[in-house]
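The letters A, B and C name the chains in turn, as written, and every chain counts its residues from 1.
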Amino acid sequence: MRRAVSLYRTSVGKKFYMAVSGFILIFFLIAHMAGNLKMYAGPEAFNHYAEWLREVGYPLLPHKSALWVMRIVLLASVGIHMLSALQLYLQSRAARPIGYRQAQDLSFSYASRTMRWGGVIIAAFVVYHLLHFTTGQAHPDFRAGDAYRNVVLGFQNWWVVGFYTLTLIMVTFHLYHGLWSAFQTIGANHPKYNPIRRPLALVLALLLFAGFMSVPVGVQTGLLSLQSSIAEKEAGVFHGAPIHEGGE
Amino acid sequence: MELNAKIPSGPIEQRWTKHRFEMKLVSPANKRKYTVIVIGTGLAGASAAATMAELGYNVRVYTYNDSARRAHSIAAQGGINAAKNYQNDGDSVYRLFYDTVKGGDFRSRESNVYRLAELSVNIIDQCVAQGVPFAREYSGLLDNRSFGGAQVSRTFYARGQTGQQLLLGCYQALQKEVAGGNAKVFTRHELLDVVVVDGVARGVVLRDMVSGRIFSDAADAVVLATGGYSNVFFLSTNAKGCNVTATWRAHRRGAGFANPCFTQIHPTCIPPSGEYQSKLTLMSESLRNDGRIWVPKRAGDTRAPGDIPEDERDYYLERLYPAFGNLSPRDISSRRAKEMVDRGHGVGPLRNGVYLDFKDAIARLGREKIRERYGNLFAMYEKITGEDPYEVPMRIYPAPHYTMGGLWVDYNLQTTIPGLFAAGEANFSDHGANRLGASALMQGLADGYFILPLTIGDWLARVKPGANTTDHPAFRDAEREAKARVDALLAVGGKTSVDTFHMRLGRIMWDKCGMSRNAAGLKEALDQVRQLREEFWRDVRVLGSGDTLNQSLEKAGRVADFLEFAELMCYDALARDESCGAHYREEHTTEDGEAKRNDEKFAFVSVWEFRGVGEEPILHKEPLTFEYVPLSTRSYK
Amino acid sequence: MEFTLHVWRQSGPAAPGRFETLSVKDISEHMSFLEMLDLVNERLIAEGKEPIAFDHDCREGICGTCGLMINGVPHGPLGLTTACQLHMRHLKGAKEIWVEPWRARAFPVIKDLVVDRSALDRIIQAGGYISVRTGSAPEANSIPVKKIDADMAMDAAICIGCGACVAACPNGSAMLFTAAKVSHLGLLPQGQPERFDRVLSMVEAHDREGFGNCTNHGACQNACPKGISVDFIARLNRDLVKAALTYKPYEITAV
């Protein structure tokens, strides 16, 4: 523990924690996206999946215990990710009290310059998103237990889709730089694998973007609606049992 | 002035060992009571400071640079010699010794040179252990190359940045001592004077270049490792800040100055592109392996190089020296290039260079092969000149590069002022009248790591530690003088900038005391330098104040010293009425136009004693004897 | 060439600074950037104005003394070049040229364009060396070093300590500088005994000096006149994490 704390005290250590928490969040996003695609399997399948998330591990474990473990891990990751980001931001801001009159951006990618304000947008979205689909306060007509309906109704609103899209663009930038950056930070560099770090980050970021976007696009185009059920069509997309918290 | 070189007796191979035994030692417990001041953080200064601090002495280091890592040793490209014989090609300490004495054209001390060759092997061990990333073979063992016409491969190198890597090694060792508390490094400080009381060096007067504060520091010994004086020519390959002030101030306080006229000119530099030129950039000599040097046969020919037909070109080195051709030694190629330009055959917009043409090499070996060999150099040339050397011949011209002369030192590297030591390029010690390639780094490190830290102990063991303090009135006087000088520079209030004076001085020295000299020209130069100095003190314009960072003021002080020192150089060149090594007197040439040495009359070290500004200095002679390397004449025909 | 030069003037560390605008004429394109400044200074002196202070020494791109932000890019637009080796022809067509000092809390301005970079020395003091007593070194060829390691060490060791990485970094971080030294020494067998102590102390010193942290923008690599790669930063990170988590207990003081 003492070592873990002393590591965190260095700037590189904070980055390391940020990278590790980032990896956890990326795994979450992948699982989340896979779960979302269940929407295409129809209301019953999706609602069943949403219910299953609450019961995963049962009867071996008590009700909702696995869910809570997941929630704590995720919350801790988000907390560490944001806390280290804030501290690093303050350190960097203090490092250059007077800026340049003229400064050209020499960074490798534009994405790296969006991490901080992009992160803030993403954080704001997450809060809204939980109120929207998990607890329902921000939902016009929330019905606990009918996740499918909540999602479809939620995405029928164009400005919800707009916010969602904007956030996903930010997430894509965030991942494109963040994943590559995390490899750098944990020191995963080797001449043989270095060339694939960038493409890997790009492919993953784009896949997540496409997967997440398919749901609101499906709702907006009418592919997903309260009437239709196209279960069999997309069933093949879904592999394994995703570990997932909220049903959206 | 007494010149006791303190050379140990006995067979040359045993002299250094014997001397180390005979020297007095300071006991380990007493070392921390002694303080040593080191001026300069090049290879010699930084290595000496680090080693002395490690031994336990208190070391205070001053440098004009903003970090100890920036001294001009960093710019050395080629490599460092060492008699390791890793190539099994017949090298030995004795051969390196022999080559160096011969290369110095028999104007260096055999004993010193032998010690240098002997220590060369320890230097490599030391540097490798410090993490200097020397070039290696696939076996993991150290690589060597042959350099500067040597017949054996004994040069160790780290790409084209050997000086940088060696200096970083010393710098890091010194920073370790700073962290440990035994050494303190004061950056952006320059020496203004040396304080001598009763004939012994007691300390120095310094200026903090940021605050302008002038103050003194006292110590039990003072080391000057302040480099050479090539910047007397204004244009040279030296860094802009390199100056003669420390050694000149020591000279004024009584230290003998040895062989000031021995200045080395490097043949392959990029010629100036205009009046504004601020320094000259060296291009590696290796270019001469494949490039052919030529000028148009007709003087004043302004055609583009490609328009000049083959039979109207003069490949003068190939013509004059069929055996060595374009690879003729540095001084010969330099002199011939100057001769061509002086006769109106110069090329380029200012007609101030000669061509170094790769057309034939490209035709023979292909563009790729040439790129492989010289890609970096070609890119650098293009960056600086805007011309593509694959298409148009390069233009080159010689430039001042290294000064063999310096403060006279005995075998202990002590100057004629007891307690004052000089190391590296600042002393005159090992290169005689000409320096071999890859030997400067070797000498700087031998002095700094292995010689000075021991020989200084012999001095310190004889003095009471801490006896010198800045309370002595001599320090007040020296500070007052230094302040008065700064004030005087600021008070002239003339019209002409410092750089203008420096350029004019450089022009005089280059024309009259450069790579070829004659009595009439040197006498003219003496007059011109004196006049210029008077004009300087009448008309220089130094703006700003003395109590902030003031780069004009710094320059002014340095140029004022160059203006005094230049006279000494001319006196020395005039007095040395022979040609030897890099010192070429037009009156003394063989029938083929080569340097003609006069061993009967000039086999000595010229050591000059200061008598006053504008007064003729007194010449003392340290005779040189050659017991091991027989006197002989070189020939490159 | 003819252009408007905006140059930062600041009379001392505590004084407020400002841009001075000079109209500069008759500049040869063959001049180096610093020679252009020399000439501007000569003209200022002729007018009785104090010349612009700027750091420089070797003027051949190796000492690392010069460092100017030229039109928003450390050492100017050419790439792999220090300001002293930048020639005016590379700024052809520029109507306005902005010259600023390096900006970082750890690099306070001394005067005009001159900054204090001694923080970099203190990072080296924290462990950027291999401890070897003069005279105690083993025979140079007794420890073979793989050529690839020696070459990589050299790739890192070519750092000239100019501070362009700090100047370019949006976070004002000196991590490329620190990583270059950690990697140079850490890649060699001679550097192994102190490897983990070194990285811990040097990063600690880096943070203490008030540099920002590395968020892998990569601007440092693009600004580095020697082209040092950010791969070395990854190397440093790996060493640091390993050192902090597995190496002997080591107290790292708070940032």
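In this section, a contact is a pair of C-beta atoms (placed from the backbone, for glycine too) under 8 Å apart; a residue touches a chain by one contact, two chains touch by 3 or more.
Treat the numbers as computed from the prediction; the structure is a model and nothing was measured.
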Practice prompt. May I ask which two chains are joined by the most contacting C-beta pairs?
Written response: B-C
Worksheet entry | Taking each chain's C-alpha mean as its centre, the one farthest from chain C | A
Fill in: Middle chain, criterion being Cα centroid separation
C
Item to complete: Calculate how many whole Å lie between the centre of chain A and the centre of chain C, each centre taken as the average of the chain's C-alpha atoms.
Response: 38
Fill in: Geometric centre distance via CA averages, chain B-chain A, whole Å
64
Practice prompt. Could you give the separation in Å between the centres of chain B and chain C, each centre being the mean of its C-alpha atoms?
Written response: 27
Response to the item:
Residue ranges of chain A touching at least 2 other chains are none
Worksheet item: Can you name the residues of chain A that touch chain C in the complex?
Response: 2-4, 6-7, 9-16, 88, 91-109, 112-113, 115, 177, 180-181, 183-189, 194
Worksheet, complete the sentence: Given the complex, residues on chain C that touch chain B span 11-12, 28-32, 34-35, 38-39, 42, 45-46, 48-51, 53, 55-60, 62-65, 78, 81, 85, 87, 89, 110-111, 114, 116-118, 120-121, 124-126, 128-141, 143-147, 150-151, 153-154, 157-158, 160-161, 184-185, 188, 190-191
Worksheet item: Tell me, which parts of chain B touch chain C in their complex?
Response: 47, 50-51, 54, 65-72, 74-75, 84, 86, 122, 124-131, 133-142, 158-159, 161, 164-165, 168, 171-173, 175-176, 178-179, 185, 187, 210, 237, 239-241, 273-274, 276-279, 281-282, 380, 383-386, 449-450, 453, 495, 497, 499-500, 541, 543-544, 548-552
Fill in: chain C to chain A touching residues, read off their complex
6, 19, 69, 71-73, 98, 100, 103-106, 168, 170-173, 175, 200, 203-204, 206-207, 210-219, 221-223, 230-231, 233-242, 244-245, 249-255
